[in-house]
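Each of the next two complexes has chain A plus one more chain, namely chain B in the first and chain C in the second.
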Partner chain A sequence: METEALLSVTGLKKYFPVRSKMLFKKSTTVVKAVDGLTFTVQSGETLALVGESGCGKSTTANVILGLEKPTEGTVFLEGKNVHELTGQENRTYRRNMQAVFQDPWSSLNPRMKVQEIVGEPLVVNHKEMSSSEVLEKVKQVLTDVGLDPSLMGRYPHEFSGGQRQRIAVAAALVSDPKIIILDEPVSALDVSIRAQIMNMFRDIQDKYHVSYLLIAHDLGTTRYMADKIAVMYLGNIVEYAETEELFEHPLHPYTEALFSAALPSDPDIERDEIILTGEIPSPINPPSGCPFHTRCPKKVGDICEREYPEPGEPTAPGHLVSCHIYRK
Partner chain B sequence: MKKKPMVLDEQPKSKAAVVWSVVRELPIVPILIILIVLIIPTIFAELLAPHNPYSGSLRLRLQPPSFLGGPEGYLLGTDHQGRDILSRMIYGARISSAVAASGILIGGSLGIVFGLMAGYFRGWIDAVVSRLVDITLSIPIILIAIAVATAAGASLGVLVGLVAYYLWGVYTRQTRAETLKWAESQFVKRAQVVGCSKLRIMFKHLLPNMVNTIIVLITLQVGFVIVFEASLSFVGVGVPPPNPAWGLMVSEGRMFVVSAWWVPLFPGMAIMLTVLSFNMLGDWLRDKLDPKLRQV
Partner chain C sequence: MDVKQDPAVQQEQEQGKRIGKIVLEVKDLKTYVRTKRGVIPAVDGVSFYVKQGETFGIVGESGGGKSMTAKSILRMEPKPAASIEGGEILLDGVDLTKLSEKQMRKIRGREISMIFQDPMTSLNPVFTVGNQIGEGLRIYEGKMDKKTLKAKIIELLKKVNVAAPEKRISDYPHEMSGGMKQRAVGAIAISSSPKIIIADEPTTSLDLTIQAQYLRLLREIQEKSGVSIIFITHDFGIVAKMCDRVAVLYSGRIVEQGTVRALFKNPSHPYTHALINSVPKVEKRVDRLYSIPGQPTPAWERKKGCYFANRCEYAVDRCFEAYPPTFDGLSGTEGHLADCWRLEDKTWKPKPYLA
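Entry: the complex of A and B
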């Protein structure tokens, strides 16, 4: 039995208008960045959104974080619609939802000390806390992310990329959030320190019992960190399953192609590489029917161009796939 | 062939050496000129000026500098009312720096606030502010100055207002451009996620990152304001006489440029030296603080 989800996203759509301004006529077309996403994140688990660049992962993150309003659909955090909050409720939501961004070089204000950066969520949302309480809490989270609290009077430029990402995580943790959106949290880091940072994320999850929504294009990261994975293509989720299930039995042709594109650990392993032909179609004018049909190596027939494949569970419960192959 | 061994660890520098390495870098000459010509006279005018700058003796009018055979005690000579030119220049420094400081303070603050708003809110605010700036900068300032001074009369307040009016547009443009740049950065996005108010984002996150640019802009404009004040005084709408202001002194002295060249020359030199020094200082600061800022 599943309890009420911590984060639940229903039918989320985000269209951006593209105005082509001509002198006399204004034609308005839209980019369908996110085209109907539905998923939930349970308390304490990690869901990964995976897909190539331009598939709408980051837009999804922005909408969930309240930076942009959805065109359609809803985002509920603990039963409250995040786009209709005001006042105290909004402050509570800001405390419960935090984010860590991709680039640790630009995500920390170069003119603020570490203690100001990390303490800011408390200063803004916990106005009842005294400055010494804030400082105590800052010290504690800095220790938890593996940094020496005595460095908190320094400025971000005095730290390395990995350390900066730890600072960003500390700033996200300081208000005891329920969920943290990790937007490509390790892809800007050197490979050598990725593992450390990923371990830190897992330790933190154990200690704080926080959920992660991980946005990534790197399969290694997702396999290591995620409990469940949603594979995105052109603003749609094409496959959704538990991590091991997905890696053992990928069903959607796009998922298979993604896995096949990732390099194996042993170069001598014989493998059938699936190479997708063509570009990712433009989201201004997405293909009819199944969005993947233009590049799909396993196209069934006309139905792929005509009809959007409703998600089904052809093999195992909880393993959803949107593909006509499995709908016969 | 013998190679010198590479020295990796240099001797730790002493404190004096550190201070010297900073001092050596400073543009000493312009700073000294600014100190001598502008800042020290501004602060210590009462102590430094040998004579009263407002009243002179008509018996001593248009006397040459004392080193050219003029009367004792009038180092740079006297003007057409017999006032000591050096004393007037010393008090004039005070007026020039007061006009520059208050004009830049008012115009700069306005410009920064408008620039932040235009760059951060975008939309109609940006459209209105940007067009206003365009309009401000496209009307010849001398025309406005003459109109305003005729209508309201020349006074220090009007002069400061004119300086602020002319400067705010420049600050607005610069701040707006910087805001547009920084508003895209991830730390601003993070601040939004955290729930910072717009005011906090503008003044706590965006503004501190523009300090370099603004300091450079101010330095480059001090010189401009002094020239501006001089030109307005020259056309008769600046500092009202008998106040000693450098531009006014040049303008009053132009009648005697043939017979008593020292009357306009020395204040003119003070203007030139100050402006030149501020421009050099500004150039140096710009290279030090923000190499990206090449065209201001």
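Entry: the complex of A and C
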């Protein structure tokens, strides 16, 4: 893309072997959780991965974080291959990438005080920092995420869901990361708290110039938070575009169906729902050709079953769509 | 299998009006929960009614009292900690709060049935779908021979649009697709021809396209059977899509209720107004979401006055002194109610939030 991307994922595949039913027999079947993803995230921007359960969003996040090794493909962060780092270099690089998860009730250690949770990355990675420096930094990030630093001597159970999510963000921010992976960061929170937290994420981004890789299924949330969106289906990106371009001109039949299923924000809005027939096929034995052809209401013909539609830019530059309708 | 209804209602429906007379009326319901922090009014004087064929939404955040209201209607409030301390629940004129447990058992499932969260997993994997649908029928309709029972099950499956019901009847849940399972659960819910279905966040755990399928199914069921649905949700999108009227709960009280259109077009209580503006829209990117400061005050720390006052940008001194009365006729429509002191001034309303 334009300049060198902060995060650059190329041809990423992650297959999981399925345990063989026969004891001692080596398994030959695999679940194709992620099947060839290519995308980039620029510095300071938010890319959202949207899709339904089982489409491979979370596996993608895990591979990028280095929690899983990719079967194929590469993940580069600031020009370095994340999966080839070792030793000290690995530790230094890992700091640049942080994660905030969905459930703020299980992602914080209940036996640690807030100041310990938030300060721990500094204690581990910045041994040169004195304890008063660590405390200073902890206070600063807590203030930035909207928590009163005077509460840092408390334990997680003394906080509400929204506050806990703020603590999780503070713990991610304290290492000055370049990118934070947000895996459904607001879906476990109450409606009135969600808006607070989403606004906080945007303020933090403005202040720290950090990038987000947002994993979400709620389309309203992604429209509010993301600069660019990749729509995933069965381990593939079927459409990729800037947020407003995608919402105004969805091209892929799956994106259209997904958007048509979104709940309205007003009772007067009547959408023509595109009801998809059938089920999401199993990623163990994904369909040949286009992964969506089994359910696609706009199938062109045999070509959809035979050939994988290479992404193209039929309408606008930067708006990629993998569909034979738009291939001549 | 048709819902018993009086001729007037039937006539109304034939004229294209699907909403009939009042089926359920809840009057000043109070359900209190005893905890180690004292007695908590989980439902604190809630009044609403539901008409036949109507979808009524109860919306609010966790701790608002939505689920406790639903449980109280079924008299399934977690006893002995919780108990109904006042009010009436009138189902076709019969006060459910006065019924014995034995009498209630005839109401639950039969007159009022319930759909829980994640309807896909609420089938028993070791029984056939036909067996599970028939279970209710055998209880509700008494003994019948196998052939009649089978015919009735098939009829139910047809009602929820299951293709080839004769074959499906002997399927186990794992042999069915997700959409089919949803339909089977739907068939169970209407097997007793209930007057009311209470749906407690039935689509919260579902994917978008599956949610759309399920909501459509509920609509179909309602159109075919004329059943009333009480939708319990935290999602204003579901309210906008599914409901006719809605009540907004905050800390155990209904702070505003009325038709869905009235609430969306003219939200009168600052809480409703703020909630609607704090949800990001799919249709349009807003520059900045409204965010309600703070969080609901726990019941044991509540002070006198309006429960929302400490988070309300419109609060005046009075709001901290006494709980406001309910004002009717807001936005010029009868039945649009809200509890807010500021509404004493007939021209007042929360100012539009400019996004």
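The criterion applied here is as follows: the second predicted complex is superposed on the first by the 320 of 328 C-alpha atoms of A that agree within 3 Å, B and C clash if a C-alpha of one lies under 4 Å from a C-alpha of the other, contacts with A are read in each partner's own complex, and residues count from 1 in each chain.
Operating definition for what follows: a residue touches a chain if its C-beta (ideal position, glycine included) is under 8 Å from a C-beta of that chain, and two chains touch if they have at least 3 such contacts.
If you're wondering where the values come from, they're calculated on a predicted model, not measured in any experiment.
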*Overlay done on chain A, so just call it for chain B and chain C: clash or fit.*
fit
*Which partner does A:91 contact after superposing on A: first (chain B), second (chain C), both, neither?*
first
*asked:* Quick check for you: in the superposed arrangement, does A:74 touch first (chain B), second (chain C), both or neither?
replied: neither
*asked:* Contacts for A:42 in the overlay, against chain B (first) and chain C (second): which applies, first, second, both or neither?
replied: neither
*Determine, under the contact definition given at the top, whether A:102 touches first (chain B), second (chain C), both, or neither.*
first
*chain A residues touched by each partner, larger count belonging to chain B or chain C*: C
*Taking the C-alpha centre of chain A as the vertex, compute the angle to the C-alpha centres of chain B and chain C, in steps of 10 degrees.*
80
*Looking at the overlay, does A:8 come into contact with chain B only (first), chain C only (second), both, or neither?*
neither
*Which partner does A:195 contact after superposing on A: first (chain B), second (chain C), both, neither?*
second
*Report the closest approach of chain B and chain C over their C-alpha atoms in the superposed model, as a whole number of Å.*
6
*Under the contact definition given at the top, report the residues of chain A touching chain B in one complex and chain C in the other.*
none
*Touch list for chain A against partner chain B, complex*: 65-67, 90-91, 94, 97-99, 101-103, 106-112, 120-121, 124-125, 168, 171
*Along chain C, where are the residues that touch chain A in the complex?*
61-62, 177-179, 207-213, 216, 234-241, 260-261, 264, 274-275, 278-283, 285-286, 288-293, 295
_In the complex, chain B residues that touch chain A_ = 185-187, 189-197, 200, 204-205, 208-209, 211
*In their complex, what parts of chain A are in touch with chain C?*
52-53, 160, 162, 190-196, 198-199, 202, 217-221, 223-225, 243-244, 247, 257-269, 273, 275-276, 278-279
